[in-house]
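There are two complexes below, and they share chain A, which is joined by chain B in the first and by chain C in the second.
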Partner chain A sequence: MRFTISREKLQEGLAAVASAVPSKTTLPVLANLLVQTTEKGIRISGTDLDIAVSTEVIADVEAAGAITIPARKLSEIARELPPAPVKISAAGDQRITLECGRSKFKLLGLPKSEFPSFPAVKFEKALRIPSGDLQKLISHTAFAASTEESRPILNGVLWELRPEHMRMVATNGHRLAKMDVPVKTASGPSSDLIIPPKALEQIRRLFPAEEELEVAQGENHLGFRSPFTAVYTRLIEGPYPSYDQVIPRDNDKYAIIDKVALTGALKRMSVVASDQTHRIRLSFNSGMLKFSVSTPDLGEAQDELPVRYNGDPLDIGFNAAYLLEILRYLPTEEIRLTFKAPERAATIEPEGWSDSAKYLCLLMPLRLVD
Partner chain B sequence: MVNTELRTVAILPPAVADQIAAGEVVERPASVVKELVENAFDAGATGVDVTITEGGRATIRVSDDGIGMARADATLAVERHATSKIRLASDLVGVASFGFRGEALPAIGSVSRLEIETATVDGSGTRVRVAGGTLESVADAARRRGTTVTVDALFYNTPARQKFLRGTRSEWRVIADVITAMALARPDVRITVSHDGREAFALPPAASLRERVAALWGVDTADALVAVDDVSGPVRVCGLVQRPADVGLSSRRVLLTVNGRAIRDTGIVRAAEAAYRSTIPAGIRPSLFLAVTLPAGDVDVNVHPAKAEVRFRDRWNTERAVERAVRRSLGTEESAAAFGFAHRTFMPPTFESGATMDVAALSSAPIPETPLFETDERDSEPDVAAPPAAAEIQVPPLMQLRNTWLLFERDDALVLIDQHSAHERILYEQFMRTLDRGEAPSQRLLFPMTLHLAPAEAEAFEDNRELFVRLGFEVEGFGGHTLLVNSVPMPHPRFDAERCLRDTLATLSGDRFGSGLAKHERLAATVACKAAVKAGDSLAPAEMRALYIALARTTLPAHDVHGRSTIVQVSWDELERRFGRR
Partner chain C sequence: MPRILLADADAFFVAVARSVDPEGAGKSALLIVGGRPGSRGVVCSASYETRAFGVRSAMSIAQALRLCPDAMCVPVPRQACSDASRAIRRVLERFTPVVEGASIDEWYLDLGGTEALYHHESLDVTARKIREAVKTETGLSLSIGGGSNKLIAKLAAERAKPSRSPAAGGVWIVDEGSEPAFMNDVTLAEIPGIGPKLQERLRGVGLVTVRETLAHEMPTLERWVGPKTAAWLHGRVRGMSATAVEYRDRSRQISREETFGKDIADASKLVSELRYLAAKAAGDLRAAGLAARTITVKLRTNDFETHSAGRTLPDPVESDRGVAEPAVALLEKLRAKHRAPARLVGVSLSNLTSYRVTEQLTMFEAPAVEGVVPERERDRDLSRAVDRVREKFGDDAIRTGPPRRVPIGEKGAKKPRSS
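This part shows the complex of A and B:
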């Protein structure tokens, strides 16, 4: 195998794939990148067995072949190379020579045969989805997924594909984020997929918004593909909890609140809130929202914020950290908070959002003790 | 037939009365030693020399350098109820001397050959001889200031008593115990004891109890003890107690003094042991050397013939003071388990009192990893400001070993913290506060948890239902053996409520016999154990710091709820020794 590639193209390809390489692994070959020659150049691939990323960059191929190269060392070398074409060649199964200007490196790789094969995903019946829509769904919902190991199903993000719309939902059992976007070109049957957030982050990062992606499902995997780049991920199996039943439909009280002002007040209150629960009391009165927090052994604080609210006075407790996190993802200046009772779920939605997407966050309250 | 004429009531002759009294005061040679050494202490002796032969059956000689007695006093001293220590019945209230009844010498004299040599100034003294209760001679004797009492042939005139004496070794063992107790009660007095010509004790005057303990059992034993010094109300409690980690490793030694008098009191000892609750396994008992000081009027010492017991006017408060004092001392870092031996210089008479850590809420670990979906346009500053460092605890650089221990260095030692034990301790105290206050932060769940329980687990839940609710578990719809959990506590970000509840119920249902803890303590301990991070959990640096701070704020940082050590330290001295640098 022998090819010549520009320093920039090599760096570009490595940047895309390097984050898929696990930092710690028991399988030595996973610390390597698979480099294969293609018709137009080379394909660089990396995987941690859960997620695989592969990208093709233009290169001048002299002799076809494939080898695995230590990912960390190759990236470090590429970063320090002088601005000159890079010549990479492989002799036998393991020996790699890299030349650039007057610099010359010899590295030891591993045979290509040791690199795990990519999941079998057939793209013939692939769905075509605008990358921009996918990015929007991912960036508004994936944050809410659980990081606890106890319920693996909640570690994933549910992606519902329907003829007219697609939806992503993520929750950790305390809060939930859900977004719908309409599908312009109806294609394919309905399906429900549960995807690890790490894979979604790769997808959001690697595919430009204007591209159209091909999405195809293998036996237990999902593949995303653009002309140059592909991401494969393991799917999380199992039924996702029936989240729709817990989204309240009868919340009869609502408040319209300025997002920046609310964020400020919550951050102030958080200073004195309990480290474990970040519990803050919100007291809604006509036209006014009062905040209060009291933590034994620490102190207490109060704040006030004028809001649009006409319902009966009501006190409700929240984890301020959860509420603040949700506020960060809301796209509008004002938010709509709906609720019914101190022990029932509250919803937070963007207020006055002129977008075809529908966004809703849900937050379970904390028990208040009087 | 019984001759009824002999059955008239008669006052007993003094000699017989003395022998009867001797039965109470002089039980065996050890009681003679105790009475005589106490007399020496009362005489203001700075040194006491005791000579014993044949376990005290042949000879007991106690010499002191105290104030001595004039001839008239010495003669009178062998009469019953002759004492220099009190004058009026009212003097009995708050009596500070060891003796006060004037019983000891006549009682001893009535059952032995007694010789008293005494002098108030060096040179001219008095020798008084008594045999079987009869004054035999009073003569001049040349000796230095002080008193020597020699008791020969104990019980020679009461064959019944003599028969009940044990062998030499066993009587000697009892004497040694008595002397040990008195040596600990008065560390400032030099004491030497020889038995059958061999030196058994040679205790130099000591500046502190720790020093005396070192002289008796070695520096290692003394160093492994934690100082107690606490005052609550009129009661002062000081002394030395065993580190929880060492309890059960060596034979147990208990010394209790009240106003300087060595006594037995199960109530006080139980109170001190109660302070160890949750730091040592049930069933093993700590060594204790405690001196309780309280106003003389608050304690009656005249309730036991051998003065081995006292009566407290306010027993409950005294016991509480003892428990509190011991508990506070166990809260110090000094009480952490040591690896090897710390070579500490002797303590000054006033015991060091370790820094008592503040009790504060657990500062739980912030979310460890950098958020995955952090993008440029969003502000990356943390949402919730870091908790203000209330007590300003300095956290040293911490390192996690084998995902199990946190390692850090201190001025005097290399220190290891067991992460699970530490977290367990933190959560235990947090849960106990929660149970006391009834204020549990509780997160409502979007998807209520359903738990199907075994019958024993369901029973365990019902038994503790109210406590679970106070901890923050809101449970409803108990149909059959199924629980529906609507809310759970959130003691830390990694908390897995379902597993914790399941494991807790499994443990509670398996543990039929309880552990000597109160129900709520047992529940708090069990939940803390199940909720804590486990050995093998990798901790982020911020989590390690939070754990350290929270541990420092607990009342008993060095011990977990099962009595295992949370902290183990290797002193630099020990390390240097192992590397051959010393």
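This part shows the complex of A and C:
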């Protein structure tokens, strides 16, 4: 195998796949990248067995072949190379030579036969989905997935594909984020997929918004493909909890609040809130939202914010960290909060959002014990 | 220089047993605390006089009585012991705010920064005042060791014991700078953390005393016991210990166990015993305002083998059912491997947190894990309601069915032993 590639193209390819390479692994070949020659250049692939990423970059191929190269060392070398074409060649199964200007490196690789094969995903029946829609869904929902190991299903993001729309939902049981976007072109049959957020992050990062992606399902895997790049991910087996039942339909109190002002007040209150529960008390009254926090052995704080509030006075407790996190993802200047009672779910939505997407966050309160 | 004391109550259980029964136990020189003769308990503590016969704690009562047939055996006066322990602690807290309870009868005191308060008197003088105050107010004797860290204080307290040095008057302080000379006379077995296994290994390379160990350099020790143990041992034999005295009054584990009068072979009977103990432990947990994430079940079979199995739950539990269900599942796991009749069963709760974390309301009820339905809000409500009833009408006023041994309301229900 022998090819010449520009330093920039090599760096670009490595940057795309590097994050799929596990930092620690018991299987040595996973610390390597698979480099294969193609018609137009080379394809670089990396995997941690949960996620696999592969990307093709333009190169001048002199002799076809494939080999695996230590990922971290190759990235470190590529970063330090002088601005000159890079010649990479492999002699036999393991010995790699890299030359660039007057610099010369010899690296030991592993035979390509040791590299795990990619999941069998047939793209013939692939759905075609605008990358921008997917990015929007991911960036507004994936944050809410659980990181606790006790319920693996909640570690994933639910992706519902329907003829008219598609939806992503993520929750850790305390807060939930849900977004719908309409589907412009009629796609395939309805399906529910549960995807690790780590894979979604790669998808959001690697595919430009204007591209159209091919999405296809294998037995336990899902593949996303654009002309140059492909991401494969393991699917989490369901069923996902019936989140729809917990979304309140009878919340009869609502407040419309300036997001920046609310964020500021919550951040101030958080300073004095408990490190464990982050509990703050919100007291809604017509025209005024009062904040208060009291933490034993630490102190107290109060704040106020004029708001538009409709409903009977309400005192409700929240984990300020959860509330602040949701506010970060809301796209509008004003937000709408709805409530039923102090121990029932509250919803948070963008107010006055002129977008075809529908976005809803749900937050379970903290019990106020005096 | 840091001023650390370890106050250790002398023959604590024996002294308390004597104080609650001055006419019986109080008059018996040969006294064993742990259980009545014929019971299947173990020795919790024994008077100095019986120790001369070879009686040691953790020995079965039957064996202790074979060694010392004339001894009087009494059960552990649990309530009196915890009352006495609290009374001692209250006195100690008058001398310094930093009191760390190491066990029911041992406390570390940090007197750092109190020099001016005690008019720059020596630590020895202050220790004697503390000892005097505890004796006057509780009637119990302490042995107090002191030095520049917890390790030195602990070893010095052993030296202060009346059985060891009758002339010390119950106080032994290691002055600053004299730690090396003090350590030279210590045997490795005395150092906390050097258990029987490590002692055996060290004896194998000819090391029994600190003096012998000091003669060897690190590389030699590393070759003998591995780098990690060597580094630790190297510091310990030089009297070094970096752990600070922390104010602590909270138990790190809550447990209940019971040695049965007759071995239990019947699985359902054993399960109901465990449920009872689990509910008791859960009650202790709630009374302390805590919740537990780790549940461990102990099973001792009639061949004296002790087995245990534990599980850490995703969320802390505090209700009777929340504790009992995982405990029963663990017992079944143990019984699958060890089918011999059971002599003892116990449950212990650890990984304790204040139960305020359950204030966060959740959307979904957690699904069953390994066949155990996790604790629900209604379980917690139920247990709290039961607690309120018991507070008002007594422990036996309300029970979960089916009835265990003694019908509700009848006196004489055998109390399980807590530990």
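Here, the second predicted complex is superposed on the first by the 370 of 370 C-alpha atoms of A that agree within 3 Å, B and C clash if a C-alpha of one lies under 4 Å from a C-alpha of the other, contacts with A are read in each partner's own complex, and residues count from 1 in each chain.
As a working rule, a residue touches a chain if its C-beta (ideal position, glycine included) is under 8 Å from a C-beta of that chain, and two chains touch if they have at least 3 such contacts.
Source: prediction; values computed, not measured.
Under the clash rule set out above, the superposition-derived model of chain A with chain B and chain C contains a clash between the two partners. Between chain B and chain C, it is B that contacts the larger number of residues in chain A. By the document's definition of touching, of the two partners only chain B reaches A:E201; chain C does not. In the superposition on chain A, A:Q217 contacts neither chain B nor chain C.
When the shared chain is aligned, chain B comes close enough to touch A:K267, but chain C does not. Applying the stated contact rule after C-alpha superposition, one finds that A:T37 touches neither chain B nor chain C. After overlaying the two complexes on the shared chain, residue contacts for A:A320 are found with chain B alone; chain C is out of touch. Of 61-69, 223-231 or 241-249, the segment of chain C running into chain B after the two structures are fitted on chain A is 241-249. The contact surfaces that chain B and chain C form on chain A in the two complexes overlap at residues 148-151, 171, 173-174, 176, 241, 243, 246, 274, 276-277, 279, 319, 343, 345, 362, 364-367, 369.
Residue ranges of chain A in contact with chain B, taken from their complex: 138-139, 142-143, 147-151, 171, 173-176, 197-198, 201, 204, 241, 243, 246, 267, 270-271, 273-279, 295-298, 319-321, 324-325, 328, 343, 345, 362, 364-367, 369. Residues 148-151, 171, 173-174, 176, 241, 243, 246, 274, 276-277, 279, 317, 319, 343, 345, 362, 364-367, 369 of chain A are the ones touching chain C in the complex.
On the chain C side of its complex with chain A, the touching residues are 314-315, 356-357, 359-364, 366-367, 369. Interface residues of chain B facing chain A in the complex, by the touch rule stated above, are 359-364, 367, 369, 371-373, 375, 378-379, 383-385, 387-388, 390, 433, 437-447, 472, 474, 487, 490-492, 494, 496, 498-499, 546.
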